[in-house]
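The first chain written gets the first letter, and so on, giving A, B, C and D; residue counts start at 1 in each chain.
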Amino acid sequence: MLVNQFLMLGAVLFCIGVYGVIARRNAVLVLMSIELILNSVNINLLAFALRNGSADGHTFALYVIAVAAAEVGVGLAMVLLVYRNRKSIALDELAEMKG
Amino acid sequence: MLSASTEAAEAVFTSGWFLDHVWIVPIIPAVAFALIIFFGKRLPMKGSELGIVSMLATLAMSAAAAYQWVNRVEAVEKEVFVPPVIKAWTWWSSDGFSFGIGQHIDGLALIVLCVVAFISTLVQIYSVEYLHGDRRYTHFFASLTLFSAGMMNMVIAENMLQLILGWEIMGLCSFMLIGHWWEDGANSRAALKAFFTTRTGDIGLLVGTSVLFFAANEWTQKTLGISGFTIRGLSAWALSGEPSSTAITVGAVALFIACIGKSGQFPLHTWLPDAMAGPTPVSSLLHSSTMVVAGVFLVARLYPVFFEGMNILGTNVNFIVVIGGITIIIAAALAFVQNDIKKVLAYSTVSQLGYMMMGLGAGAWLPAVFHIFTHAFFKACLFLGAGSISHSASHHSFDMKKDMGGLRKYMPITFITWIISTLALCGVFPFSGFFSKDEIIDNVGHNGYNVFMIVGLVGAFLTAAYMTRATYLTFFGTPRGASAGEHHDDAHGSHDTHDDHGHDAQAHDAHDVHDDHSSHGPRESGKLITVPLIILAVLAIGSGFLNATPFGEKWEKLKVWVEPRAEVVDPTSVALVAHGGPGEAKSLPAAEESEEGHHSSPCGSETPTDGVCVAPQLNHAKFKWSKAALSLIIVFAGILISWFLSMQLYERKNKALVGLTQRNKLLGAGYKLLANKYYLDALYENVIVKAIAYPISRGAYWVNQKVLDGAVNGAGIVARVSAGWVYRNIDQRVVDGTVNSSGAAAQGAGSALRPVQSGKVNQYGALLFGAAAIGALVLVIINT
Amino acid sequence: MLAADLLVAQNIGFGIIAVIMVVGALRVVTTSNVVHAALWLVTVLAGAAAQYVLLAAEFVAVTQVLVYIGAVMVLFLFGTMLTRARIGSEKEVNNKNWFMGVPIAVLLLATMLIALNDGFGSEELPADPDTLVNTQMISDQIFGPYLLPFWALSFVLLAAVIGAIVLARRD
Amino acid sequence: MELLRDNNWVLTVGTFLPMVGVLIMLFIPKADEVAQKAVALTTAVATLAVGVWTLVLFDYGQAEKLQFVADVEWISIIKSSYLIGLDGISLPMYFLSMVVTVLVMIYSWDHIPSPGNPKAFLILMLILQTGMAGTFIAQDLVLFFVFFEVVLLPMYFMIGVWGGEQRQYASLKFFLYTMFGSALMLVAFLALFFKTGAESFAIPYLVENGASIARNTQIWIFAGMFIGFAVKVPMFPFHTWLPDAHTQAPTQGSVILAAILLKLGTYGFIRIAIPVLPEAAKEWAPWIGLLAVIGIIYGALGCLAQTDMKRLIAFSSVAHMGFVMLGISTLTPFGFNAALFGMVAHGLITGMLFFVAGSVKERYHTLEIKRLSGMLKQVPRLGWIMGFCAMASLGLPGLAGFWGEFPAILSAYSPAEGLPEETFRTFMVIAAIGTVFAAGYLLWLYQRTAFGEPSAEFSGHGDGHDDIHDVTKFEWIAWTPLLISIVVFGVYPQLMFDVLDPAVKATLAAFGG
């Protein structure tokens, strides 16, 4: 098994996640794409953990998962709030922060 | 380098207290100036007595010094070099260059010093009467005294810096004096013009001094131990064969430009006639006998520099003599066209200065200096005469046509002194003008400048002509205007507005009283005016005999006293005489006798081998009556012709046609003219006046006014316009614009980037990742 | 010989799972039905768990399945349900300038691949690693050197919980 | 050159005494104006007394050595020490700043500009004095920079609060322009510090091993300093802040600005830029000369185009500083002497001109040249003083102005070896022509304002302009010292050159004297 195969898989997932973030109008879908990105990171971490034979990769993978959970929680809460005010969660309408 | 030749003639030179302390002379008027400024108003005669006393003191001291100098020179036989009495103190020094101040007294300095002191004294006495009751009486005397201080300082200057100091102070005083009645715009403009033109010339002075200083300093320090600024250093350096031709030529030309400016020579002479706007005493002192001579004095003082720089005896034409010649002709031509008596005299002064410059330019050093001496007396006399006429006869107007005529009956003394001075000016035999002006023409011819000799003769002819015309218009014919007793107010016109219009509370204007009794027709002026006139007239006759070449060698006093002897001298005598005192001069073995009776010395021709020259060897034309007769005939012809024409024009004034010409002019010469009087009139009116002479003079005047004056004013306007343009465009728009625009640019960039902040999360994501991608790509490319 | 064909099996396994994951991911970002997207995401996460097993990280794989799929995906589904009633695909789920995403993603992918290729070429993972990482080692790590991040993480989670409650409160 | 450390308290006291005055004034209530003025004046006079005492103590025999040196640990970590000292170069300017402050204090006894509030105005002036004095004695780059900036703030407020109509624009422009300049200068100082082995910021130390820096780095460091100082001088392209600042500044502000602040730039060149970076100085000299000469002609042209008297005087300062920079660009002791003398002379003369302009503005309420005329008749003494200053400013020999210009022209003829002689000689001729322009615009101004008849608008029966009085008591007291010193330095310049010459020779030892 090559280290590369795992890293490349991570990379592909990462890029798909990036496309998702950019292309998606619906906030939830964007959150999902972010999940994709986080997972690709996890794969990388663990690949290197195995390669270097240290447990660091594992701890950080766990931390990433924890953070992802927190992030989805807050993200969805915000989406809920926005939805309640705006009746729509299309991102391109939420432009109040315009410079 | 110094060959200790044993048989060198040990000459011990006497000197006196006065000769050693001539440096006090300029300080007296300077102190008097300060006193007048502060206490003038409170003195009984409002400051004028202080001025006169100081002038008398300077006159006495310079006369005594002259006397002691004569003894010093007479005590030694002809060929020995008489070192000047030099005293120098370091005024200030910066980085090795030391700038001294002190006195450099020799024949030239003393003769001009005496002239300045004498004329200033007479003019100050004259002004007490002339300016009686003037609003700024004290200021007038203050600036007059300051002027004398400046001129005297320049005359005895030991180095160029002191000379520049005096030169500029004179410029300042001429500005203040011309603009004495500055209420009237014309006067202040004339003052401004005078100051600018002289100041433009002064660039030459600054540049010339710097160039010469740096070229000469190294040599003068090495051989003579004195700085390159000193006059004797520069003279010795010029003749030492040391200077490269470019340095000395550039220096000489630059200095000569300053002389052109100051002495009103050809291109920069336009300010002198306008300077007549000043009170008449000022015109007589500054703008005829002393200040305008400064340029000629500078050329005479640094003669070796000009001798080498302009290669004077080398070629038969050089810059100085050309300028001198042109000035003589055009000034004389212009004098014809003038109605204002002071303008005529002004152009005559310019023409006479042209003579002096031509003389110096052609190697006639002594005649030119002698002409300064004589010209000062008779020209001052003429101006004071004109002043006396305006003061007592024509109610302050100087217009010959309108307000003068037939005054010989009413003002005998002024008339006689005027006639004497005119004859002196024209160069008639017994009078001083003959001895000096004729000498110049003679020597110019002798030195090979034949073209300029002819120019001199033509000039003499024209001088005689216009002076006769002026004399006729003022003293002969029927009295016109103010002289005829009409007391019309416009006579108070532009020229001398004595009383000022403003509600002047200060001194009760005594002038009005004075005006009343003059209303009943012209009469002779008071004693304070006539006495100076008489003294000057006497001197106009007497001064000629100081160097009367026609009466043989022993009469040529000035040649002995004034002309510096061109001897090879060991450097010590010229060298640093720390605190003055009579330097012992060891003159080297006398060179062999030359056929002309003066022994020839290498100075000026080739580089002196074992010593130093201080003056170039100049040759003197032997006086021959044949040559003198020629010029006398020309002068008499001029007088007669001009007299005749004036009679025709003004006597027969009633004809309407005649009136048109307003003035006569010189016709052709010869018999036809005299034979047919009537035909003459027709010929004179239609052909000569309209066709030839009239346009030339008018043209000359037009050129003078439009082209030259226009150029000067044009330069002013152009400078103003370009200044405005430069200021508006370059300064405000470009430079200031860039500063303000940098602010605007920052704002512009800001607004350009605003859309990036669109508030859309996706866009941020896109930008973020896009940037990351590009960054990564770059890193990858760099590493692989 | 056993190890060799075990290795081959692992590669084949890796290949299948990788393909499923990529297809799943693509579907997540392209499907117009939000619920489908969520479900595809579940497949991707499951694939990831399988990969962790291949990478000898059983504990993380189990956590992944429990926490990630169990909790987070359920959250997502709740999220989608609460934010709108309609089932089925939504219209224009992508924003206007979606086309911008493609080049960026591709560019990024290309760069990464080049870099990885250049970096790790053909490096082999150790077939029989001498120190297999077991849970006990992980716990030593967490409560050893990485105690501080653990603390920080707990605070983050606490903040997230409180935040979610505050944001989502109805009154 | 070794340092003389005896009685080194005198400099610190001289510089920081005004701050003591400021403290006292802070406690006095704002309303009590007379007390404010009294305290301010006494502090200024006390500082002047200390200045005079410094003159007395100064050992003229060793004018080239730094005297009254005090070296105290200040900020050790960045190796900058509170090193102060005084030698022939900075003595005249140090003393002039004290004299000018006293005169300005006297002048403002009855001339507080529009918004009043003398308390703030006088405090700002005292701070300004400390800043100025400090800059001339600082021998440490960081200290020099601090004082260099301290001077900026009070002047900004003086122009901003008490200025003319567009005072905001003018003060902001002045502040930003100088800040931009000094930022680059700071960069240059730091580069210098590191390039010489990050040992210390002391100028004597830097002078010793400044030359060791590689040639083109020297050139770049010099570039930074050049811009910083050129903005202050001001030299040709960086001068646009001067006319605005002067026209909008109150009289006191523009007098101090013209008399002292412009000299900080040239002093910087002489003290820091040129001795520390000799090769770069040689490289830059022709360009500085070129800009100086352009400044002379450009300033003169600017003056000819002006309609406002104060703006005209401001442009004339650009021209005069052109002469000073020409003197500096020759890199010869003779040129430096001329430049330093020119700085003092320009300070005296232009200071006086601004005083006169201020008084004219206060009487006629306008400085429009077209509307003013016949001043010699209406206010004769003021007219004559203006005439005297105009003559001094155009460089009449016998007055101080001439000894600033003529030696500069003379020195331009033979610059230090290694500099292109022909270019400098052309500069010399152009500068000589500049003197004529100087005569041009000054006399043109004088003729139009002083000569002629007083215009109807102001001659008494105008609308209530009856308070056009001649020179008042306070003005006489404020002006006589300046007038006397212009004449004294004009007649006997050796007074100043004795002090300047040895110090300049010492600093220029690197250029072969």
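Everything that follows uses one rule, which is that a contact is a pair of C-beta atoms (placed from the backbone, for glycine too) under 8 Å apart; a residue touches a chain by one contact, two chains touch by 3 or more.
These numbers were taken from a predicted model, which means no experiment stands behind them.
More contacting C-beta pairs link the chains of B-D than the other of the two pairs B-D and B-C.
The central chain of the assembly on a C-alpha centroid basis is D.
Farthest from chain B, judged by the mean position of CA atoms in each chain, is C. The distance from the centre of chain A to the centre of chain D, with each centre set as the mean of the Cα atoms, comes to 66 Å. With centres taken as mean Cα positions, chain D sits 72 Å from chain C. The distance from the centre of chain B to the centre of chain D, each centre being the mean of the chain's C-alpha atoms, comes to 39 Å.
As a whole-number value, the distance joining the C-alpha centres of chain B and chain C reads 105 Å.
With touch defined as above, residues shared between interfaces to two or more other chains in chain A number as follows: 18, 21-25, 91-92. Looking at chain C, residues 95, 100-101, 104-105, 108, 112 sit in touch with two or more other chains.
The chain pairs satisfying the stated touch condition come to A-B, A-C, B-C, B-D.
If you check the complex, the residues on chain B that touch chain D are 90-97, 161, 164-165, 168-169, 172, 175, 179, 182-183, 185, 188-189, 192, 195-196, 199-200, 202-203, 206-207, 209-211, 213-214, 501-502, 716, 719-720, 722-724, 726-728, 730-731, 735-736, 739. Taken together, the chain A residues at the contact with chain C in this complex read 1-9, 11-26, 28-29, 31-33, 35-36, 39, 42-43, 46-47, 49-51, 53-59, 61-63, 65-74, 76-81, 83, 89-92.
Residues of chain D that touch chain B in their complex: 173, 177, 237, 239-240, 298, 300-306, 332-334, 336-338, 376-377, 391, 396-398, 402-403, 406-407, 409-410, 413-414, 428-429, 432-433, 435-437, 439-440, 443-444, 447, 451-454, 492-494, 497, 500-501, 504-505. Interface residues of chain B, counted against chain C in their complex, comprise 760, 762-763, 766, 769-770, 772-774, 776-777, 780, 783-784. Those residues of chain B that touch chain A in the complex are listed here as 754, 756-762, 765-766, 769.
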